[in-house]
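Got a structure for you, written out below as structure tokens; questions coming shortly.
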Amino acid sequence: MKSKGFMRIFVIAIALFFLTAAPLAAKDKIVIGQAISLSGPQAAGVDISGGKIYELWVHEVNKEGGIFVKEYGKKLPVELKRYDDKTDIGTMTNLLERLILEDKVDFVFPPWGTAFLFAAAPIANKYGYILIGGPGGALKLKELNVPYFFQVLNFSETQGPTLAEIFKEVGVKSVAVAYRGDLHGIEYGSAMVPDFKKRGIEVKLNKSYPPDIKDLSPILKEAQSLGVDAFAAACYPPGGFLFTGQSIELGINFKAFFLTVLPFSPNAYRDNLGVNVVEGVMGGGAWNAKSSPGAKDLVDKFVALFKVEPDYWGGLFYWSSLQHFRKAIEKAGSLDQKKIRDIMANEKFETALGPFWYDKDRYFVNHPGEIGQWQKGVFEVIDPGAKRTAPPLYPKPAWPKKK
Amino acid sequence: MIVTVLDILIAGLLMGGIYALIAVGLSLQYGVARVLNIAHGEFIMLGAFITWSLYTAFGIVPLVSLAISSPLVFTIGFILYKTLFTRLRISSPSVAMFEGKSMLACFGLLFMIQNIAILSWGAEIKGYSYLAFPVNILGAKFAANRLITLGFAVVFGSAFYLFLSRTRIGKAIRAAAQDAVAAGLMGINISWVLALCFGLGALMAGIGGTLISMSYQIQPTMGLEYTMIALIVLVVGGLGSIPGSFVGGFLLGLVGSIVTYVQPGLALVAYYVIFMLLLLAKPTGILGR
Amino acid sequence: MHIPTSNYKKRVALGVLFILLIVMVTSPLYAPRYTVILLTSIFMFIVLTVSWTVFSGPTGYVSLAPAAFFGVGVYASALLGFVFPLPVVILLGGISSSCLAVIVGALTLRLRGIYFVMFTFGLVELLLHFILWWEVNITGTTGRVVPTVGNTTVYYLMLGVLVIVILTAYLLNRSRYGLALQSIGECEEAAAHTGVHVTAMKISTFALSAFFMGAAGAIMATRWTYIDPRIAFNPVLSFLPVLMAIFGGTGQLYGPVIGAALFTYLEEFLITRFPYYYMLIFGFIMVFAILYLPEGLVGMIQKLWKRIGGAKHADS
């Protein structure tokens, strides 16, 4: 008897649930899906670059009540729905399609890393979903015909020549180049070497190394024995730490020390090693709080929410691309991907880094900077020209003795 | 100054010391307790993170924190064997079955430990500088922290070897490794000895983690990489042999160092070529029975 | 008395299989589009697990080479995808994997037990690092673009391979060939004495199982657009089939099938519900399953079946 009563209540409850759920289907929020590496080897990368910016953006948008969409006549708050791809590309592609097909999210955010972007761009494109590139990027991406993909981050194409210009300006005569055996390493390695040669800088060493190597001291010692002025490595964080750590341990000093990925991270690099240790290290990037008022605002907001500083390579890029995206939605007055895509592809909006627009290949071009250098705890932009926030420090001071 | 042969040799030995240290624990766990501990690297990670926490939060020097982290990791290993693996061992009809199942259980442990580490420490890369300065040896420069790591590896390795060959418990362990059933008949408390072995294996991993954290950055997902290195060293040196782990570790360290100098891209290829050639020529490893 | 019931059971089983096949063949017509993608993944893991079991189940040689064979298939797809039509590419991917398996098989004749496990595991890493070095230093690239096809095409191709794998495994189990394999697993020397050509059988079965893994790799690569050695030779793919087979139970053909299907679905379920805790839950379930399901899911099902059957018997 008792169980029958329960049964009845249960049925009524379910019926009520469905009845009340039906009218709720009216739009009350914008859901954005993201399949990203929360575990596995890439998780650390997500943490130091990119991952948190998306969270901050959602946080800030919701603080203002959401994004105003004319079609619905009101502000819609944003929800970020994240899945963990385990740093596995097969899982990422599945989850991205799940977000689009099963969860029917309104928009998608990018996965982390160049290879993953490669896989994600055609999928998003197939379903007519806008994909704004985050951490990662390569020239090769241009070969894919994907009109819904927007490349945000700068890479070897612009950073290689800038680095070579800086080296020429400060008087570097010879350089040793080491690059990681992957797409990132090859693109930078093959871009930097001709850039150096073109400017009369001799490349005395040019070697690749495998991603999982645990000892890079032979490369450093060889570079030292060749007596090069500068050391430039296209690396990821593990290699970056090894190059830095082992040259400190061995007391090997170069007049210029450049790593593509890693120095940009104030938490992983500057704070782990110490302000005086990283003094003079150059890295890919770049921006800092002095770059623009919007950049200062980003640093403040980021610190307020996460208690750490944002990364000084992509942080401002991603942040501004999201502001651009938001303005495109507001201008479209609808959540229609095609409309928003066309606005994004053609229009210039004011963002934290200044005016933001994409070129005909949908590549973002107005970079706040290409190369940074740690100077007294600040990641200064040292590009020649107007974007420079401080002149390059050359020669780099020797690694501090004993600690 | 040119890169000398000495440079390359010593760099190889330094690397080899780290490799040996992380392989010794696994060797003990597989050689005696018959657990192919895929989660070995997670114990290394735990050791490293405990050291990092103690150093950054309380300023406890890594070499001192060994005294805190190793008993902790040992206890975790001991309890795991006492509860989980003993149960598996009793319920498995054959040794092969137990090996298969315990490897699977280790996978489960790997997932759990890694997830707990990400939840408690975050996924980001951590590191600190300790004894990061050069030391001169015969005109060549080497990192102080790596030299200390090598020293500790040799000291702990020898201590372990002596413990196994000279003490009563050590003899019991070796008896258990030869034939668990017979050892049990001879009055050795097998379950206790095997758990001790597994715990000691975890302890070596923990020590390895502490020493690794002095030279490398650490992150919760670092474990598997070290497990793989330990497996190679183990096979090259001989499964279950402690001197073998050292021979294997130094051999790989030297080969790695030489190949990295000539053609860095092939360093890891060289590891696996040696590993597989040796398996084909002498499957039981250099010092294997 | 005994014969009709077993005939009846057989007919029911065949009927269920037939209906299942029809449902699978027609499901892209009415199932949600994501279900088709998820099913493709499940099929892929069933293919890997069953083909792993074809060799490792009866012989007792635990191979950790699936990722190597799968990766060779992936590379076949990247290298030949723009040259040949997809079915040919899949065939070639399978054949390349088989060739590799023949070489590995011939090399490892002497290796048993843990040493065979280690060798096959080393193979994956060796291929990964060697191809990485080759691509970086010889061809000057690492990544390759793979031609993509529609999800439904991928689904049907994978389903096709799945059906062939299961049929092959089924026929193999029932044939004298299967019995001979079993005898190798029990005692190689004895098997050789009874006239079983041990070497030829081991190598050919290894190659057969590699063929399907290569084919699966060639198909899956078309979903990824871009591949590099680290994506193609993912060591996790070596361990998963083993885990799934043991999870399901290797005694029966349907064990690995159920194991792979449930494992894949469970992972998908956990990862989408608990993105921050799923590894913890998943790890716990694994440890729990090993402790309390000693014969895998199949063992549990059989026990339950017996209990139900027994209860019925008591009732009547």
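All chains are identified by letter, namely A, B and C, in their written order; residue positions are counted from 1 within each chain.
Following the convention adopted for this analysis, contacts are C-beta pairs under 8 Å (C-beta built on N, C-alpha and C of every residue); 3 or more make two chains touch, one makes a residue touch a chain.
Note that the structure is predicted; figures quoted are calculated from it, not measured.
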Pairwise touch network: line, ring, star, complete, or other: complete
More contacts between chains, A-B or B-C: A-B
Between subunit A and subunit B, centroid-to-centroid distance (C-alpha), Å: 35
Distance from the mean Cα position of subunit C to that of subunit B, given in whole angstrom: 32
Junction residues of subunit B - those touching two or more other chains: 114-115, 265-266, 268-269
Residues of subunit C engaged with two or more neighbouring chains: 129, 132-133, 136-137, 276, 278-279
Where subunit A touches two or more other chains, by residue: 38-39, 181, 208, 210
Subunit A residues within the subunit B interface of the complex: 38-41, 43-44, 46-48, 178, 181, 207-210, 212-219, 221-222, 224-225, 237-238, 241-242, 245-246, 248-252, 267-268, 272-274, 277, 401-403
In the complex with subunit C, residue positions of subunit A that touch it: 38-39, 82-84, 86, 88-91, 93-95, 97-98, 101-102, 115, 118-119, 121-123, 140, 143-144, 181-183, 185-186, 190, 208, 210-211
Interface residues, subunit C side, partner subunit B - complex: 60, 62, 107-108, 110-111, 113-115, 118-119, 121-123, 125-126, 129-130, 132-133, 136-137, 235, 239, 242-243, 246, 276-280, 282-287, 290-291, 294
Residues of subunit C touching subunit A in the complex: 32-34, 37-38, 41, 129, 132-133, 135-137, 140-143, 145, 148, 151, 220, 223-226, 228, 230-231, 234, 236, 268, 271-272, 275-276, 278-279
Complex contacts: residues of subunit B adjacent to subunit C: 36, 84, 87-88, 91-92, 96, 99-101, 104-105, 107-116, 119, 228, 231-232, 235, 239, 265-266, 268-269, 272-273, 275-276, 279-280, 283-284
